[in-house]
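Listed below are the structures to be examined.
Each of the two complexes below includes chain A, the first together with chain B, the second together with chain C.
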Partner chain A sequence: MNLRNVDKSTWIYLIASLLLFMVPFILTGRSMQFIFIQIFIFAIFAMSYDILLGFTGIISFGHVMFFGIGAYSTAITMSKFDSTIGSFLFGVVIAVILAAFVSFIVGVLTLRLKSHFYAMLTLALAGLFLVAAEKWRTLTGGNDGFTFRLPEIFRDSQSMYMFCLLSLILIFFGLRRFTKSPFGRVLMAIRENENRTESLGYKIVHYKVIASVVAGVVASFAGVLYALSLRFVNTGVFATDLTIDVLLMTIIGGVGTLVGPILGAGLVEFAHHWLSGLADVHWIFERWIILYGTVYILVVIFFPLGIVGTIQSRFSNRPLKGLRDNRKANENKGRRAS
Partner chain B sequence: MESLLELKQVEAFIQHYHILHDISFEVPKSEVTVLLGRNGAGKTTTLRTIMGLNQVSKGTVRFKGEEISNRSTHQIAKRGIGYVPEDQGIFNGLTVGENMRVAMKKEDEETTKRMEWVLELFPDLKKFWKKEGGQLSGGQKQMLAISRAYVNRNDLLLIDEPSKGLAPIIVDKVTESIQQMKEQTTIVLVEQNFMMASNIGDHFYIIDDGATVHHGKMEELKEDKITMKKYLGIA
Partner chain C sequence: MDLLISLVINGLATGMLIFLLAAGLTLIFGLMSVLNFAHGGLFIWGAYTGVWVFQMSNSFILGIIAAISIGLLLGLVTERLIVRPVYGNHIQQILITLGFMLVLQELIKVVFGPDQKAVFPPDILAGSFIVGDIVLIKYRLFIIAIGILIFVISTIILKKSRIGLIVRAGVMDKEMIQSLGINIKLVFMLVFMVGAGLAGLSGVLHSVYSGVIYAEMGLEFSILAFIVVVIGGMGSFSGSLFAAILVGLAQAFMAYYVPALSLAVNMLLMTIVLIFRPQGLFQVKG
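And now, the complex of A and B:
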């Protein structure tokens, strides 16, 4: 590989990755490292959502079910078997297979239809998984959940940090390659205009189902890391709130940018941490969610394409100007129709 | 002459509306067949029905002798039909280069040659290669839409109103490009601009109220003032 052919953005991402590898040597506090770990995990989760929403134009209200599948698969495997790397890897394999299977079935059943059917079915299924997790107490511990022991290597917060960061970097570059491939171009074409893409000879349902499976598997892996980072799992991993959170992370960061959801995850997690930490200063910060809502509204007003999307559209030809054009065109169509 | 495409008594609905009542025509190989008619006559619906974007409720559509009625759109496209829709169908969020590459089902020697050919024909596309489709002018979008349909080796191109909304100088450019393409492929053209249609077309079919009502050679139509007045409103 000729280094001269590596584009500028790749260098920026590599440098940012290196800097992040140094963080645990500078910020030695466990709580700060834990926040970073959570950011990495939610960044992976948000990138998986971006594959659906940003690159393929599929809206999901129940994406959290894949996250939950990953979390429970690992936790159950680790609690039933020894706390070894082997059982962890076995848990990951189960998580990936289950998520791939469920996302494949949901995709095949609904992605031939309009995208809101996918949104509604995933919402319903996520609810079903939540109820199953609550009721199947012998396996899941119900609402109370259960703790489990980690393999030796993950007990140290620094090695956990490195593992989550490495996972984030590998998944980011993997998904980036995926979205820049001919397959990714077809996904973006589907997002822009399904009929037109089909007229070019592409069977769009195949592409959508594969996008759904990729997004499901990546979300499931985020769930694996989440359970690992907490050493605990409960039904909260199937809560719809998490889907809303990840949707906000994606929108705030920039839909269809891949790096945007990482930034969004960082902003949301830090906002959560700092705003709730200011409760001692003023009582209003106890209701940090109000401030969080305000920040969200401001971001949507001033960065309608998300932070990364807005910056990219200002400093280069792309991406996402097309999305804005589409939005404007749709608004104009609406006006004309009325 | 051998027919590449043949429609027989095709009927089609859009929701509850019966749009096509009786469409029958044949498209000879290596020629340009023009579908003419007033606004709302059913020309665009006819092209969409050929592409499988509307269902055929009665009748048959045969392409290269094979029945393609009610096959799915991607199957029809794969059989070698390229479609340039009325609204151009550009992917606004993709660059010109990405729009072209999505259209190229495989990047082999032939498609690369074809791409080079259209880029020579439309140098603007080369110039704006990294610009998003949504940022192009109407004329550039039309050029991109036509190039995208041409870049694969399609046996038949369906082109819907390529001159719509374009400045006269751009219409000339588009006309020239279609004239060059017609040497290499068969074309079905829907066009309101009679001047353009008569310059390009070899045969015509007039569609009125969802039915083909008249057909012949384009040269004959230019002389047939009564038909032009009756069906096209051109004195």
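And now, the complex of A and C:
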């Protein structure tokens, strides 16, 4: 491999990840490490969401179902079998297979629909998963949830940190490769102009279904890590709030980039931590979601590309068109389809 | 037999409440292809304000008026500040209205407190009629009556008046209407406000019906309204009434016989309709 061919940004990312590897040696507090672990997990989740929203232009309000599938598959295998690495890996395999299966079925059935219908249908489907988890108490423990034991290696918060960070880095570079591949280019073409891509001979639904399977599988892995980090799982992993959280992270950080969701996850998690800490000072901080919602609305109106996207389009001369300037295309699309 | 009748009345009452919410959604969508995810937020604001005024003044009528007015007002604000900047861009519309829903829901907790509140029906509507062995709960009959009244009034306006004609024509082809010199944005704003007012009305009626209000019920209930809009066909007013009654009845019967599946059955209905008839049962657009 010729090092000169490596993208300049790759070096930056590698250096950043090295720095992150050193963090647990500087910040030894468990709670601080826990926040970082949560950030890594949600960064993975948000990146998977961005594959749909930012790269393909699909809005799903039910992405949390894959997250929940991942969390429950691990938790259930870990509590039914002994807590070894073997049963953990078994749980991961089950999570991945289930998520791939569900996302494939959902995708095949619904991705032919227009954006509104898809958004509504996924919102309702996620609601269905939540209800199912609440009713199937023998397996899921309902809203009370259940705890489980971890394999030896994950009990230490430092090694958990390393494991999550490593997963984040591997998934980041994997998804980066995926989005830069010819396949990823077609996804972006679909985002920019669906009709034109179709008339160029690409089968749009195939591409969308594969994108949603990739996103679903990655999201389920985030769910696996989430269950591991908490050593506990309840129906909260299917709550729509989590979809909204991850939507905020993606939008604020920057849609259509992979660094954006990571940055967004960091911002949202830290803000969450600090603002709920401020709740003792004034009760209004308990309602920090208002602040988020407002920031989010302002970002959607004024910086539809998010932090990273806005910076990128400043520096490069070919601005990402995607989410802002396709009004006309969308309007035409809507007219033709109806 | 009496069980059957009371389940039907239950279903019709729920259906009417969903219809009031869905009617606004479907017209807003039909006219400007805006899918308003914040509709549930208007619903809870109607519920809380209406209940607050009702409990303060002890007059249910005042509560209803307050709910409708807050709906109209918030509808104006939503249309001006939230929906107008992102006309034509579906992705941004969906994202921004969902964000506004979140803000509305949290603001409820700031203004009225985060806890659930119990609501009791006004004296005149409490209790029930007994006809033979059949118990008819007054409040449910009241909801059904209001629903029918609203449907009839709106249908007369839509079918007989000039503004109704414009709205119906706008749903079919808004460019054509604009080229005839009609300010479609103004019409849209009015429709949006009326839809929001109906959402507020639905909120206050629902809060007395269910006996308890909490901030999250907006999103939960609006999922039912979305299902109804999809089944009835986006933009179809009478379609949404039909679908709302269908969903309400399915909900009531399933809640009695197979409670675990009461949400699932509506989801199933929507999925089947979407797969086989994505434009909904009643198609409006030409």
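Brief remarks on what is shown
The rule is simple: the second predicted complex is superposed on the first by the 297 of 338 C-alpha atoms of A that agree within 3 Å, B and C clash if a C-alpha of one lies under 4 Å from a C-alpha of the other, contacts with A are read in each partner's own complex, and residues count from 1 in each chain.
Throughout what follows, a residue touches a chain if its C-beta (ideal position, glycine included) is under 8 Å from a C-beta of that chain, and two chains touch if they have at least 3 such contacts.
As the structure is a computational prediction, the values presented were derived from the model and not from experiment.
Of the two partner chains placed around the shared chain by superposition, neither chain B nor chain C is touched by A:F232.
When the two complexes are overlaid on their common chain A, residue A:F163 makes contact with neither chain B nor chain C.
In the superposition on chain A, contact of A:I251 is made with chain C only, not with chain B. Of the two partner chains, chain C is the only one that A:M120 touches; chain B does not reach it. Of the two partner chains placed by superposition, A:F90 touches none, neither chain B nor chain C.
In the superposition on chain A, A:I290 contacts chain C only, with no contact to chain B.
By the document's definition of touching, neither partner reaches A:F81: not chain B, not chain C. Contacts of chain A with chain B, set against its contacts with chain C after fitting on chain A, overlap at residues 323-324, 326.
By the touch rule above, chain C contacts chain A in their complex via residues 29, 33, 35, 37, 82, 85-92, 94-96, 98-100, 102-103, 106-107, 109-110, 219-220, 223, 226-227, 230, 234, 260, 263-264, 267, 270-271, 274-275, 278-279, 285.
Residues of chain A that touch chain C in their complex: 53, 57, 59, 61, 109-110, 112-117, 119-121, 123-125, 127-128, 131, 135, 240, 244, 247, 251, 284, 287, 289-290, 292-294, 296-297, 300-301, 304, 323-324, 326-328, 330-331, 334, 338.
Across the complex, chain B is touched by residues 182, 185-186, 188-189, 191-193, 195-204, 256, 317-326, 329 of chain A.
On chain B, the positions that touch chain A within their shared complex are 51, 53, 72-74, 77-78, 83, 85, 89, 91-95, 98, 101-103, 105, 130-135, 148, 152.
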